[in-house]
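Below you'll find a set of structures to go through.
In the two assemblies presented below, subunit A is common to both, partnered first by subunit B and then by subunit C.
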Partner chain A sequence: MERDGHQEGEGQGVIIRNPPLEINPPADTLATSLSLLGNHMFPDQVARDDRATADTQEPGELPPSEVPAQEQHLDAEPVSNQENQLETEETDNAECQNNESTETANGGTKDDAADNDQNDSGEFVVTMLAKAKLEEQGIGVKGRSSPLLEAGTQESPALMSHRDEDVTADSWRQHRKHIFVLSEAGKPIYSRYGSEEALSSTMGVMMALVSFVQSGDNIIRSVYSEKHTVVFLQKGPLVLVCVSSSRQSEEQLRGELLYVYYQIISMLTQASISRIFEHKKNYDLRRLLAGSEKILDGLLNLVDSDPSFLLAAIHCLPLASSLRDSLSQILQKAITTNLVFSILIAKNQLLTIVQEKTVIEDTRLEPADVHLLLNLIGASSAFQAGEIWTPICLPLFNPDCYFYAYISYLDPPECTVCLLLLSTDKEAFYAVADCKRKIEEAMCAQNSLSLIAKAQSYSVSQVGVSDLRHFMYKPFDVPDNYRQLTQFTSPEMEAPYSSEEEKMRLLDLYRYMHSRIHSSSRPLKLIYHVAERETLLAWVTSKFELYTCFSPLVTKACAITAITKLLRWIKKEEDRLFIRYPPKYSTTPNPSKSSRGGKSDQQDSTDNGFLSLL
Partner chain B sequence: MALRELKVCLLGDTGVGKSSIVWRFVEDSFDPNINPTIGASFMTKTVQYQNELHKFLIWDTAGQERFRALAPMYYRGSAAAIIVYDITKEESFQTLKNWVKELRQHGPPNIVVAIAGNKCDLSDAREVPEKDAKDYADSIHAIFVETSAKNAININEVFIEISKRIPLAEASGGTSGKGFKLGRQASESRRTCC
Partner chain C sequence: MPEASKMKKPDVKLVLLGDMNVGKTSLLHRYTDRKFKDTVSTVGGAFFLKQWGPYNISIWDTAGREQFHGLGSMYCRGASAVILTYDVTNWQSLAELEERFLSLTDTASHDCIFAIVGNKVDLTDPKAQLSQDSSGVSEDQTEHEEERTEPQVLSSCPTPPASPASLSGITVHKQVAHEDAMALYGRILRYKGLEEKSSLPAERMCFETSAKTGYNVDALFETLFDLVLPSILRKRNENQQCPTIDLEECRGASSKRARFCC
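For the complex of A and B:
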């Protein structure tokens, strides 16, 4: 980036939470603190930027979809809502234009920043990143040395390319979404693109921003520039940063960072991460994550391409309820002491899940934990050989303890149907492996595998509504005493959304609708959005959350009728589309032993922990 | 024919080719883009040795540091351990020495140790001289072979050597069937951590 590019740093807002004061740091202080890190060309304009506002949101962010929408019970017919709830938008109005003047002050600033397109402002973060990189050129961009690579075995170029990417190249800067993870000491832990070594001074600059704001008893939340949104998330000793040119909301991006954090926790546990950094502030966490980059890469690809993460709900494979029930029964019968969850997965989607009664009474299995498990299995082919036994933490269930996961595919060498058994006992491998054999035998007797192989996602044409192209439906009206997993259903993306670009474009539209519905400053219940090439309608009630995509020529009345039909169809098909009542079993002779947060478990995780590495 | 179950675990630095060796032995195939093992992978293969059938119960452990502390769980009760290093990586040979030390201290007393210098097809990039490794193996009375999972060199031989060295008494005793139900040896495993 050119040096003068940042001379008019007007357009960006720095959103900081708590306390609700304007920050006007003296320009020299900020500049000085940054030049200490070798960034002497810092655009001091930013320091003078008095658009910086304070966002007084409470700490402890929720994933986007958990932001409570102000519910008023909309049980009436869709048509009656139309009058007071519909909000028609013009084509190309993807800029979060505020149609109403009820914006709160901070919301207004945020949107201004995002909207200020004509103001070709400094993009200072991008500039900073570019500068840091220039300095690194001296250091060189030696890629991470993979033992496999140096040994001469070739990885396919697609697999290695983004690790070895030249971080000074334009192509690096043009990635849609960068994710960085660093330690409080500014040590790089993970970068989605490019090697962490080559990015160490970039990450140093990021840490400088975080600590500078921190020194004023503040927390930096986000930075907006013309084309990029930079979102910060600090969790314990880790700092996560997202630099995104996708037009997602800050809340959505923060939710994604939270997923990255959880995936790291799922490998190491929160307790051992804090312990490590308590002992040694500048510990290089990459030592422990070595070989696991693929899992984080896979997560980020999934987050971009799978709406499950946006909706914080599970997508299960549609299956005749009789078949699903028989599979559940098979799992229910193959149990052993301290088994907690039995999960059957096909084509990376959930088939069924059976849960331990007492454990699930204590705490619910969160969709995010299931997403992490699905990602782990999908991201590595390591599970396709033999039977795997590995510790894994479910961060929302209990961030400090490990479960022991037995993972095995039931249909090698195709490897589409995967069994996942979670136990609290690390010595239970042989007992759990026995369960698998029972499950395998029962499934063989019932010919389940070939029935599962026939199961597939459905086409939107089955709904029988002509203008409807795609939808996502997430019901809330399930009896809670069943400890139901939050689920959603969605058909295949078909033409015109068959190419990757078009799929992404539709998802982006959904993300936009989602951010409007769940806007923290002005949540909406119904949006009718006329876009360039399609028309979308999103609707949230106390019973469901629905996103629909229609052909562009649909009329409002048509769309409403279509949705009524769609809801009727889903009601009719719900036994097939959802896991209705997740079955339970009882495997804990001593309930306290396996319940969450048990002291004994914690002790256990210390045994397996990483004290030894210090 | 008598069936003996032999529990074998593979140890060694990350990326040296433990999984590739097991994969070659069990499936007789090789995947250059194999993913790092997560936790540990359990596989079995039965081979005939003289007038007995030997069923190898193989624990292929992950070399990554974060799984290091779990190793005792897998080598406890093992009849044999194959410690693998990469002949093109001096560092992996140092790691191997640490594994030997750990096994000597905390492993089963009669465990058969085999040292495999993998990737011997890449002798151009060799960093560990065969003689050094051989001398070291002799000094600890370990089996020594240089292997190549890629070219299927000496893979079966390692397991045959292990079959040879397993004392007969073991067959009726500890390692068969339910014998390796892992007992809780908390104090011992804790010691290995520190």
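For the complex of A and C:
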């Protein structure tokens, strides 16, 4: 609480109107400190701007309190819990659910405004976070200069659109989901919107909250308000914070923060991050992440728009199994020493993946790692020219070492089919590039590219079930699947979900269903949910997890019949919808360099230049 | 020995080095695609093959970010030419060349040539703004510029570093004068232990370019291609003399790796 010292003078301007309901000392003092910090941070009026924020609501989203009334649970347990109770159950000591408000006496001009019903801590925190940089206005708002460079003129405007945002503007505060990454020393590392420099005191406040709760031997997990959820995640020396108005569950938001963390790890490795902060607590990690913001931005956009992240499963492009097999065979033949994964991607979806035998016996490839790879490819248009060779860490595979990724598009200039080859050998570029030539030749001979170009996702109408508008199906029982990639299948989102807003609305409904199914306090197996404009049914069994969306007029009986038909259709099509038997190859050259050895080989982190920075 | 790790196809290797955001990828884009477009920060390194007459020239466009610093020596291994790029509006970017990037070139070929390139000169120099975007015109210009490479260098020399911006209402201050780059070239020769007299003169190897307008870009790459030709020919001869070179190469490469691990 390094800020406590110099704000005592302002302390009397803070009034805690509604003391916390549960009297527990840590939360109580936390509330006080929140208020103190808040008052310190925004000398101007506070509450007035809140009006504007208060009125924004996700289009079509139901207020949580209305939901239970419209919902019927088909499972055996009686349903008595209200949504609100569920949330309370999840609250632990560290969460400040206390209702409080602040009044800024400062200047004495805005007393009326301060009387507004700013009566919840979360909103308060959000307000505070948003206001915090008032005092820093003018610093770094315009452009971020690389910490390495004296002159801030080098950035290209197109890259910096979000970074240029005025963090004092209302529009900044109304973003649906903010993500912040900071170091334990409170140094800003990343902000989704606005430049980190401009937000450094906001992040200071966040770190103050984290370390204050920590000083009471506790961990801050989340702050709830009516409109916002603030979720904290500490991973090693990094602190990640999400401020969301999306009504996602805390678990989901924490999962998304974890993805952000993994993406950072994938670029730097966990080992080197720990080492850096061990040597120098206040190291500015942006030195190493400079230029990677776009990858994190891209990840966050994907997380919001692609259900793969929610389901933690891979979406592969539907493909005739004969074509998929022939592509796999091409990849299987084009191998070189120390090659570990060969992945073929079209339209940002997986076509096939071939894995090194011994490596995959050790550890399976997690969907999250594949998501990070796909995002890296999607976020870097630089890949469209030339052949890329870059170190990349797969954090779930091994967070401490690098693979070397060869990335090249096979169909320039369209650049839709991308080949990704992962090797454990830093020097293997030319050998791996040779594999690409072989793959290219073989694909040319089999005319694979034009066949791939015809492949596309399917329409829900192909299922032939009326009233079914959309679904997501994640099987657990595809043969060989339990040791392999978790996959899911889903048709295109079609009318009425063709606009971006409607897509997002459907995804939000799915997220809501998902959070109920996976609620940590009271998980459900089956939910039949009548929403305003559609009816949803989510069902999880030992064999699959299924989310379906029907037209609003469907009856419960109809929905059940439809699902039976849908499951039958999926069974019939599963060879096309999923990668059934991920092929393998063996490239471990000699006993001395097995996959295990290969992996530990990568830990020559001195070679990655990080130590030289310290 | 330095050539040992190189594979069959490319005859010669050229590497672009320099701090992030100085315009390495843009320079290469301008030269290969005749276009200037927004690029995103390069990840790792990007490999391109350029046909130059009968020869294959491989070009490594590297990431300037510190994150990828460790890979630099790998990209530079056996390189015949290194293009050290800085941003004329950013003094630090020139300083970084010496501090961070020069040591990476230790793995380059022993007869490696160095070029020092100040990019974004369109921001500071009205002359560089005049170049046209259309490829037809820049073809024309190429020859034109090649002829006047030296005069151009000379003409920018007298520009006092303090007041170039006043020339035609250009807003960006030129932080790096051409002399600074030439001085760095001298220091590089000394670092490499090369005689200044027997090496290529600084006037020839220090360029000021604009990837945005195309100014001097073709001159840069084509000068370098011409200069590395002897290196190509020598390598071709070596290969002919020794048909079993592949095995040698493999062993050379692996022993080299071992050396770098320690």
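Note that the second predicted complex is superposed on the first by the 455 of 614 C-alpha atoms of A that agree within 3 Å, B and C clash if a C-alpha of one lies under 4 Å from a C-alpha of the other, contacts with A are read in each partner's own complex, and residues count from 1 in each chain.
Rule of thumb we're sticking to: a residue touches a chain if its C-beta (ideal position, glycine included) is under 8 Å from a C-beta of that chain, and two chains touch if they have at least 3 such contacts.
Because the structure is a prediction, the values reported are computed rather than measured.
In the superposition on chain A, contact is made by A:390 with both subunit B and subunit C.
Once chain A of one complex is fitted onto chain A of the other, the partner contacts of A:442 are absent, as it touches neither subunit B nor subunit C. In the superposed model, A:451 makes contact with neither subunit B nor subunit C.
In the superposed model, A:426 lies in contact with both subunit B and subunit C.
Across the superposed pair, subunit B and subunit C both touch subunit A at residues 146, 148, 150-151, 153-156, 159, 267-268, 287-292, 294, 376, 380-383, 385-391, 405, 426-427, 429-430, 433, 607-610, 612-613.
Partner subunit A is touched in their complex by these residues of subunit B: 13-16, 19, 22-23, 26-27, 32-43, 58, 60, 62-70, 73, 86, 88-89, 119, 122, 125, 150, 180-182, 184, 186, 189-190, 192-194. Across the complex, subunit A meets subunit C through its residues 146, 148-151, 153-156, 158-159, 267-268, 287-292, 294, 376, 379-383, 385-391, 405, 426-427, 429-431, 433-434, 604, 607-610, 612-613. By the touch rule above, subunit C contacts subunit A in their complex via residues 5-7, 19-22, 25, 29, 32-33, 38-48, 61, 63-72, 74, 87, 89-93, 96, 172, 175, 253, 257, 260-261. Residue ranges of subunit A in contact with subunit B, taken from their complex: 146-148, 150-156, 159, 267-268, 287-292, 294, 376, 380-383, 385-391, 405, 426-427, 429-430, 433, 607-613.
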